[in-house]
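Two complexes come next, and they have one chain in common, chain A, joined by chain B in the first and chain C in the second.
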Partner chain A sequence: MEKKTLRNFLICGLILLIVSLFPLVSNNFIIRFGTDILMFAIIASAWNIIGGYTGYASFGNVVFFGIGAYITAVLMEKAGMHFGIAYLAAGGGAALFAVLIGLPVLRLRGHYFAIATLGVAEAMKALVQNLEITEGNSGIYLPMLDLSIQGQYYFFFYMMLGTLVMTLLVTYLILNAKLGYSLIAIREDEDAANSVGINTTLSKTIAFALSGLFTGLAGSIYAYQQAFLKPGPAFTVHTTVKMIVMAVFGGMGKLFGPLIGAFGIEIISETLSNYFLVAHTLFFGTVVILAIVFTPKGLIDLITQRKFGISYFVENIREHRI
Partner chain B sequence: MLLQILINGILKGGLYALMAIGMSLIWGVMDIINIAHGSFIMLGAFTTYWLFTIFGIDPFVSLVFSMAILFVLGYGVQRYVINYVIRASAFITLILAFGIEIFINNLALVSWSADVRKVKVAYGAANFSLGNWVTIPTIRLVAFLLVIVISLIFFYILNRTNLGRSIRATSQDLDAARLVGVDVARTYAITFGLGVGAAGAAGTLWSILFPISPMMGGILTLKSFVVVIIGGLGSMLGPIIGGLALGVTEAFGTNWFGSTYANLISFTILVLVLIIRPKGILGGAD
Partner chain C sequence: MAILEGKNVTKRFAGLVAVGDVDFYLKQGEILGLIGPNGAGKTTLVNVIAGVYAPSDGDVYFKGKQISGKKPYQIGRMGISRTFQVVRPFPGMTVKENAAVGAMYGAGGKNKSAKEAIRRAEEILEFVGLADQMNKGADQLNVASRKRLEMAKAMAMDPELVLFDEVMAGLNFSEIDQAVELIKKIRESGMTILIIEHVMRAIKNVCDRIFVLHHGEKIADGAVEEVLNDENVIKAYLGKRYKELTH
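Right, the complex of A and B next:
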């Protein structure tokens, strides 16, 4: 077991090293594409903490993304703060919001939790559209990053990479601590978890706050990268959809599932948009439908089970159809 | 003035109720949250638009066509797609519905472009006054009455027919229903068809009253959620109460705070109702 853990760590370190060196050998277009993949990997992994491990399928996680982005914009533009401070404040603010909203909303289960979080995100979007400090629907500008063009590409890539590593590391540490077992116990049977003495409210709230924290950090980097924010795109439900689809596509409740999902989905949709200028979103919908029908347990299940071929898909359908 | 706002709210609330009846049925019977619901409403609206534009068929006549077409479409989607994953966690069907939504919306976008269109009927602006202080747009009143008729038909189907009994039995206990000879796969497909058919009807009425576009579905799905949640699942009265409540609250809210606050009001109500009474106004105690 010890040996296996060590081996896994070495593999992860090696992959991380390759990814870190990657920008040095590629052009700016590809670096930007890589940055996008990393961003989706962060928010999908953050969603995985609450949706995958705890079993609370949040349909409003984009609210943390939007809050992180807007905290960064307002602090930098209106208060003239440094990005570093705004970045931390964005994560902290999103986590705090998760705690405040989580206390009432995490009492709901299943679909009701999903719809409530969706409602929170939509309400927050409508609020930001009407607030003066966020400059409403006309959008807010951020100061430009004072670096060369090349430097900017590097900066955002490594910020996203660092945040992703932090997200996965914290998730890994949680999984090996008491909290991780509590979360999985809640997912499997919350009443039972409660009756064996797990403080379910506290565990759920911490999971939701961590999910909010990392999503907020990604939102912060995104805002600085875009240099211009509007409430519509910043709080769009499509971001939530994407993070969930990625987590499910890769394998939810698995540490690297969302990362694999983000990579897979982004590559697929980018390839499709290269070949089909107009209709690529149509194909994207098809990919989601096929992926859900044939591999509801995610790509990571396909990889770790090493069961390729038709029988794997047939088995999945047999199990879930009526 | 206040009476006028109230009436406007009730008339719009009727349409919200019709939007939500289908969603509530599908959710209540099969535990599927149909994220694509708004897209089906959009398809109903466009069915009416094309029948009107190409063949000059009156929207109130094409109501029957759009319900029928959407029923068949819904039946097929459930039978040949959703039924294959229905036993996976409810969450999986939810994402599948997301995929269907993306597919339908973009198919519509590619085929019909993002243009905003209107069904311009000759009698669109007709209205009449009650006393001297309330004006009622005729077309909205007719639409409202149709909503009541359609709701009654649904109520009849669910409570007084063999099909309704099969649907209710399946909803209570899938395996038991199958044991007593209900064709579960077919019942599910018909239920989804009925729900989507109701969405088609809502789309037709929507297209007479408001502009339509391929991307109109998203916000309508969200509003249907609000209505279903306010009313609670499990009865035909739920969506009607929920729809009227949302319509009236929105009418007064936009009057007092301005129209940019309409969404903020709807979604705040949604979250508050969920926190305070998760099973809806009509729902039993938790």
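Right, the complex of A and C next:
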């Protein structure tokens, strides 16, 4: 057991090393593409904490992304703060918002929770559109990063990479601590979890706050990278859908599932849009549907179980048919 | 001294009185059987004790402290654990993880790390006889093993009082006898037990005292033989032919 853990750590370290060296041997277009993948990997992994492990499918996680982005923009542009401070404040602010909104919303379960979180995100968008400090619908500019073009590409890539590593590391630590067990217990049966002594409200709120924290950090880097923010794109429901699809595609409730999902989805959609200029979303949708039907447990299950036979797919269809 | 005491406990659901003005007590170390026909309010009473419902009237005291109105997890951490009539293991976890969650968050969980809790879970599973199925998924167990796991989860919490809600329903005779042995073993380890059961064979074997509910009201409370020969109990629950069948 210990030996296996050590081996897994070594493999992860090796992959991390390769990914960190990757920008040095590729062009800026590809670095930018890699940065996007890392960003989606962060927010999909953050969604996994509340949606995958705790079983609360949030349809409004983009609200943390937008809040993180706008906190960064306002602090840097209006208060002239350094990005480092704005970055931490963005994460903290999004986590705090998650706690406040979680108190009422986490009392709901299932579809009701999903709809309520969706509503929260839309409401926040409307608020940001009408506030003076966020400059409403006309959008807000951020100060430019004072680095060479090449340096900027490197900076954002490594910021995203660092944040992703932090997200996965924290998730890993949680999973091996009591908190992780309480989250999975809540997902499996919340009332039974309560009766074995788990303060379900507290556990759920912590999970939601952590999900908000990392999503907010990703939003912060995104804002600095874009250098210009508008409420529409920052709070779009499209981002939420994307993180959920990635998490499910890769394997929700699995540590590396969302990461693999983000990587897979981005590569597929990029390749498709290269070949089919107009119809690529159609093909993309088909790929996602096929993946969900044949591997409902996600790509990670295929990789870890090493089952590629037809029987594996047949079994999946039989188990998960409605 | 009574470890658990209920005074005038009443639970109403929108006018329907599920439990009406019931007094009860449990002495340290005893096994109390709670019997009664379906719909008598047995499970409701357990739910009131465990904090799922707050009583509409009356109070419950555990070791002299009022617990009515507290949340289930608070009561669980104070040292009362319960099983569910319809077993509720965490299906996506292994048997070991199921018991470990109890060990982590129950009365004995405060000073335990996740690793220590897992070790405790292994001990408990050994104790209830599930050691060989420890690494199976909880959803792969058969009925008897599921009931055992439900008991293991409750015991892993290191409670002083356990509430067993029909842990023998659906078991065959030899499985019932094994469960009876297990319950006796649990008592020997120092726990006080409240047991709801329809299986008379088990009730007669393990209980020190019986308590009968009918339409939410207490109709008898006393030594096993005495209660089972009580006119009212026979009429309300056991049936006229009970004596002929058992004697």
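The working rule: the second predicted complex is superposed on the first by the 320 of 322 C-alpha atoms of A that agree within 3 Å, B and C clash if a C-alpha of one lies under 4 Å from a C-alpha of the other, contacts with A are read in each partner's own complex, and residues count from 1 in each chain.
The rule is simple: contacts are C-beta pairs under 8 Å (C-beta built on N, C-alpha and C of every residue); 3 or more make two chains touch, one makes a residue touch a chain.
This one's a predicted model, so the numbers in the text were calculated from it and none came from an experiment.
In the superposed pair of complexes, A:Arg187 makes contact with chain C only, with no contact to chain B. In the overlay built on the shared chain, the residue A:Lys178 is in contact with chain C alone; chain B does not reach it. In the overlay built on the shared chain, the residue A:Gly84 is in contact with neither chain B nor chain C. Look at A:Asn199: by the touch rule set out above, it reaches chain C but stays clear of chain B. When the shared chain is aligned, no partner comes close enough to touch A:Gly309: not chain B, not chain C. One of chain B and chain C touches more residues of chain A, and that partner is B. Residue overlap on chain A between the chain B contacts of one complex and the chain C contacts of the other is empty. Against chain B, in their complex, chain A makes its touches with residues 57, 104-105, 107-108, 110-112, 114-116, 118-120, 122-123, 125-127, 129-130, 237, 241, 244-245, 248, 278-279, 281-282, 284-289, 291-293, 296, 317, 319-322.
Across the complex, chain C meets chain A through its residues 50, 52, 71-73, 76-77, 81-82, 84, 88-93, 97, 100-102, 104-107, 109, 113-114, 117, 153-154, 157.
In the complex of the two chains, the chain B residues touching chain A come out as 27, 31, 33, 81, 83-88, 90-92, 94-96, 98-107, 109-110, 174, 184-185, 188, 218, 222, 225-226, 229, 260-261, 263-264, 267-268, 270-271, 274-275, 278. On chain A, the positions that touch chain C within their shared complex are 176-178, 180-182, 184-185, 187-189, 191-200, 253.
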